[in-house]
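Structures follow.
What follows is a pair of complexes built around chain A, which joins chain B in one and chain C in the other.
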Partner chain A sequence: MTAATAPAGTDGRPRASAVPLPAAGRLLRLELRHSVMLGLLPLVVALFWYNGYREVMALPPMWNLRAMTLQNRLLLDLVIPATGAAAWMGSREGRRDMTDLLGVTARPRWSRQLATWAATTAWAEIGCLACIAVVYVMTARQASWGGPLWWPAVVSVAGVPPLTAIGFAAGARFPGRFVTPLITVATFFGFAFSTQAASGDHSYWQISPLTSGAFDIGAAPGVASFYRYLPDLSIAQVMFAIGLTAAVLGGLGLSAANGPRLRWLTALVTAVGLGAAGTAVTLAGTGRLDPHGMIVIPALHDAASGQPVRYTPRCSRTAIAVCVHPAYAGVLPAITAAVGPEVTEVAGLPGAPARLSQVPVAYQQGPGNSISISVASRSQSAFAVPDPIPGQPGMTSAEFAAQLAQTLGLRLMSDVILSGGDRAAELNPSQAQLAVIGGSVRFPPSVEERDLAPLFGHLLPVPGSPAARAARRFAVLTPAARHDWLAHHLAALRAGQITLAELP
Partner chain B sequence: MNVEISDLTRRFGRHQAVDGVNLQAGPGVFGLLGPNGAGKTTLLRMMATVIPPTTGRLQLLGRDPGAYGTRREVRRRLGYLPQSLGYYPGFTVAEFVEYFALLKEMPPSRVPGAVATAIERVDLGGRARARLRTLSGGMLRRVGIAQAIVNEPELLLLDEPTAGLDPEQRVHFRALLRDLGQQATVVVSTHLVEDVGAACSQVALMDQGKIVFQGTPAELTARGTEHGTGDAPLERGYTAVLAAARS
Partner chain C sequence: MTAAPAGRAPRPVLSSRPDQAPRAILRLAWLHAVSRRLPAALALLAACAAGLRGTLYGHWDAYGALQLPLIIEAACAAVIAVTAGSPFGEPERATGRWLPFLRLGAAVALTALAAGLLAAAGAGMPLAGGFPDLLRNVAGLTGIGLLGAVLLGGPLAWTGPLAYALAGVYALYTDWHPPTLSTPWLWPGRPPHDVGGALCAALVFGAGLAAITIRGARDSAGGDPPA
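Here is the complex of A and B:
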């Protein structure tokens, strides 16, 4: 401890330090004790709890979803307190009429300013790390598979210094009381705009540290589950953040540097920072969406990182095992509940799969920000879990069940009844076949007739037709009864030898 | 000589604040007297390397502070108390003085002792842990003096140091000035002539940017024996010199 920080003796006088710290360390410690950012940490916690934590923790406990969403939310929560505190600290000398007094000290102004900025940034980083730690610890206790995704956390941490550097430089350059709110609001809107400006996988705006993935999918359960998280974009974002910080701080030093060596040093820091930031933006512009939903930057890409992740699937104990990636274990009950009747009905029938296995979806960039999602495998036993999953914004359990009925349930029945898989449309199914399929697949009440219209006549009976009436009759049977009937009549049904009248 | 000034001028736009000043000062307490607007603060700010002169020659501690390297050297050995003392209200007395000790690039191992000594010398030892926002104006002035002397400067520049001090503290401060002046050159800018009379070995009187008198306090007093006005002998000398300069 120093005289400044040592506890006073009985006479209230400071005691000398036993182990002296270097001057820069002492200066930093003084600034840490008096940084306004320390007082704003409760605000950071409150903002994060209100805006970020509740939303992140409401997501299914999957590392990819939570880590990538956290990257987006956390920095947005930090931008106001961090930039504001830095601007306030940057303008401190001017506001407090300390310019003359500090101006005649031997230590260069830049060095003094860096200590103040570093203290502000350190507290902001502590707030940032605490928020990350809470979410990661909670997720570690809840997630069914996998481990922390560190790159989104690294980008969040790297995103703090540019915010404080911008705020501090503005405050130091224009030390008025109104600069703090002005630069804070400007930075917030600039930051928020950066996430909306991206267009497609080649957009330079992807460099924004708030961007955690391709614009139209962002944090999706299918991204970084079957394949490793690609750090390409994160590396570019970290490079940009460091470069921007160096450029802003270097520029600040350049404007205050007196000596030739310091002028050269600050000019060099500024130039290197600008170079790094510019290179990072250029790299982001060369990105492309890979089939696994992540942004590949060729210059930064390591082919080895694109390998599939090894995992042991989690399977249901149903008549036909439904197996999913272990990260999706939380939705396995919902999947088996949604297609349970169909599974019971077709289990053991000729042509029925012994097991249904989840496969990854494939992402493809379309025009603008549109991204098409398709199932990567054509195998009869393969299925894709709808994206998003319950718990994510825009997906309720009922909608999830409806999507499963339309995809997995219908496909399972059509595969078995028509024995044609995705060639069903070309097979011109009989009315009896359509009636059996229509009577077997359970669509939740949320599915409206118009949603199924493209399937009428191809995979489902046309509403109001005799086949539709026969389907309603067939649907009244229990899954076991339907199974028994199919066990005896499936061959004839496939051969087109069963009429509607012969259906139970 | 720790301070050597010749033909020093400083302009602010069309206003000539300091006009051809010549001055030399060695160890001891040097008083800079003059009415408001005489140019004392501007001269002191140039000597403190806050602002550069417009023209003229300035040598501090045997160095030209015009170059960055020598200016930094001078600043390490300089103490300065501006007329208007800014401060950080959240800092304690000890922290504030330590802050300046570090900015003056004192060896870290010497800082704690120097801080404690400086605070003791301005009689604030009992308030070392008090936050600056809790101090009176006079105490803040003493904190300002403490930060100025913490590095044991060879050149100490004090602008109105006794403003706000109570009589007891002023007496104490004059004793401190005399003590400091034994090793260092102390330049005190003031308009309180009693401070000069009590503490200074040399005095200069400025008016309208020029030095109109330079000598000892006794010599200034002697100038007022016939024509000066005022209650004290030194005041009479002060007014007599000013009147002569303006006539």
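Here is the complex of A and C:
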């Protein structure tokens, strides 16, 4: 027998590692080089690009929308490659029938397994972080206001270790050829559909790392814009992820430990992990929807984090300035285009606001997953931007304009025509007043008659009525002409002294 | 090393005697099936069918109703794909002239069984898309899995069907959230009777069958045999 020689470098001298590492570090380095997760990183990138990136980047460049959507999409794209790779690596010893051979080495089996799991997790985390970095860098270049929301990213990163731990433990425990696809599918199934059982803001299922906010709100422009992003749910989710990882890996160690000390240690890790995960689930069940659209968990809530965000609004250069939160700067042109004629028509008239300011909406949890949204302010100059906004799924520019016409445009005109201090006119408007309102508000073709039906007789003329015909006549005029007419006849119109025949 | 006594030589799998040929072929097929863990695969396919039946009793929203069957179909395809891996490698290829037929038969039989079991599981239940959708998805996903077995090896063949299923899940999601992904190559997102999607799935299934029949699953790198 001859002594083994150290590998020689090109100069013939023994080659030493550039950085001397302890045994665990060297083992980890070996595992990093041989992890199948490295080979699956292109698949991670491809899946994320196809399923997540394109959708996230198609959203308006608002930090809240993109970060919260990213939390949901990224982990979903990572489930299959990360869990599968971990299961594959976990089953390696059993697959190669090397368990007995490696059992006589100096290192306990659990520590070897932890090194393999850590290497797989490290590559998965690198993939996860790369995806986050790309989205955040792109958003930083496009966003009109604000900075990165870190908690959704933290939850995404924390969501990876449980996936790899579950896959690894299953692979190590059942090292067959079928275990990898089956545990991958089972994890994906459990992960992706865990939120289906959720109901309301007290649901324990909110603990799923895919949940970035209240159900039926999710990533909404009104959430975390006017108020800071509340980390309560994120903290519980991270706690759950860490606890679950510890419990699964501890459980793996329980079956692999071959000494009383190690068995105690793994039992302790398992118990602590289960305790942390259970506590996190319990905390998630105490959540409630706050008026700003985020989940508050009383035990984790910091009252200081619920303060409104300071900002300088972005205003249009229209006759009546339309001011929005700077995060909404991208939709300001769409808003001014939608209500531009009405703004031109009423600007400077008695009772018209000098400025229109966006205010936050208030969210309220209803039965089940239903959530009611209302405008927080009743001021004449306050308005809420419709949610969703153009660029979000299910909202086109035409629909956005239609919603603005139905809300802001109609309210602006009715406030000017009907108010003026005459409460009776507000409750029982004259046909001429209805005709002027109907002729002034420009509804896009997408707005159908049935959408406006509740307003007929109260704010709009009944279709086919003489007032409706007068409204069509009035609508033919330019906004400037309508403004001139109103400037001369508004007082009489409000007093009910104008007949339909007198309308231009 | 000593030669085995002539009287105790192992029995040839395929006998040259015509009266024993059918029995020998059955024995060969059985040995092939056992070496690929086909009995376990059958049990898992049955479990998947039972899982589908169980989930169909649940109350799912529109996403779940459409996406759940696809995930279970992908699981079946992944199971079929990983059975393609051979534990013998080169020695088997060098000696087995019946091997291509066995590989073809195993893949076709498992696919047919998977479709049949899932269809039976969905009978009388609100299975989204019905049998045409199920058959198209199982065939297409299995084709991807078989191609993956040829390219990556049997043990890693699951990556194809499962990754594709994730893309399919997303395609179904875009049915509610435009722009809809309408390419027929992403057939899970197409309607059940869509000819383009069915043709693409059939093409992929045919390609997978041809590849696995002719080439067989790739031997795993580093002598990493399937368990």
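Going forward, the second predicted complex is superposed on the first by the 480 of 504 C-alpha atoms of A that agree within 3 Å, B and C clash if a C-alpha of one lies under 4 Å from a C-alpha of the other, contacts with A are read in each partner's own complex, and residues count from 1 in each chain.
Keep this in mind: a residue touches a chain if its C-beta (ideal position, glycine included) is under 8 Å from a C-beta of that chain, and two chains touch if they have at least 3 such contacts.
Not measured: the values here are computed from a predicted model.
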For A:Tyr50, decide between first (touching chain B), second (touching chain C), both and neither.
-> second
Once the shared chain is lined up, is A:Pro260 touching chain B (first), chain C (second), both, or neither of them?
-> first
Kindly classify A:Arg355 by the partners it touches after superposition: chain B alone (first), chain C alone (second), both, or neither?
-> neither
Using the touch definition from the top, say if A:Arg472 reaches chain B (first), chain C (second), both or neither.
-> neither
Once the shared chain is lined up, is A:Thr105 touching chain B (first), chain C (second), both, or neither of them?
-> first
If you stack the two complexes on chain A, which partner ends up touching A:Pro181: first (chain B), second (chain C), both, or neither?
-> second
So which positions on chain A get touched by both chain B and chain C?
-> 92, 96
Spell out the residues on chain A that touch chain B in their complex, using ranges where they run on.
-> 2-6, 8, 11-17, 20-23, 26-27, 30, 33-34, 92-93, 96-107, 112, 258-260
Chain A contact footprint on chain B (complex, rising order) | 45, 48-50, 68-69, 71-73, 75-76, 78, 80, 82, 84-88, 90-92, 94-95, 97-100, 102-106, 108-109, 111-113, 115-116, 119-120, 125-129, 147
Quick one: which bits of chain A touch chain C in the complex? Just the residue numbers, please.
-> 36, 40, 43, 46-47, 50-51, 55, 76-77, 79-81, 84, 88, 91-92, 94-96, 175-178, 180-182, 184-185, 188-189, 192-193, 196, 393-394
Residues of chain C touching chain A in the complex = 37, 40-41, 44, 60-61, 64, 67-68, 71-72, 74-75, 78-79, 81-83, 85, 154-156, 158-159, 161-163, 166-167, 169-170, 176-178, 224-227
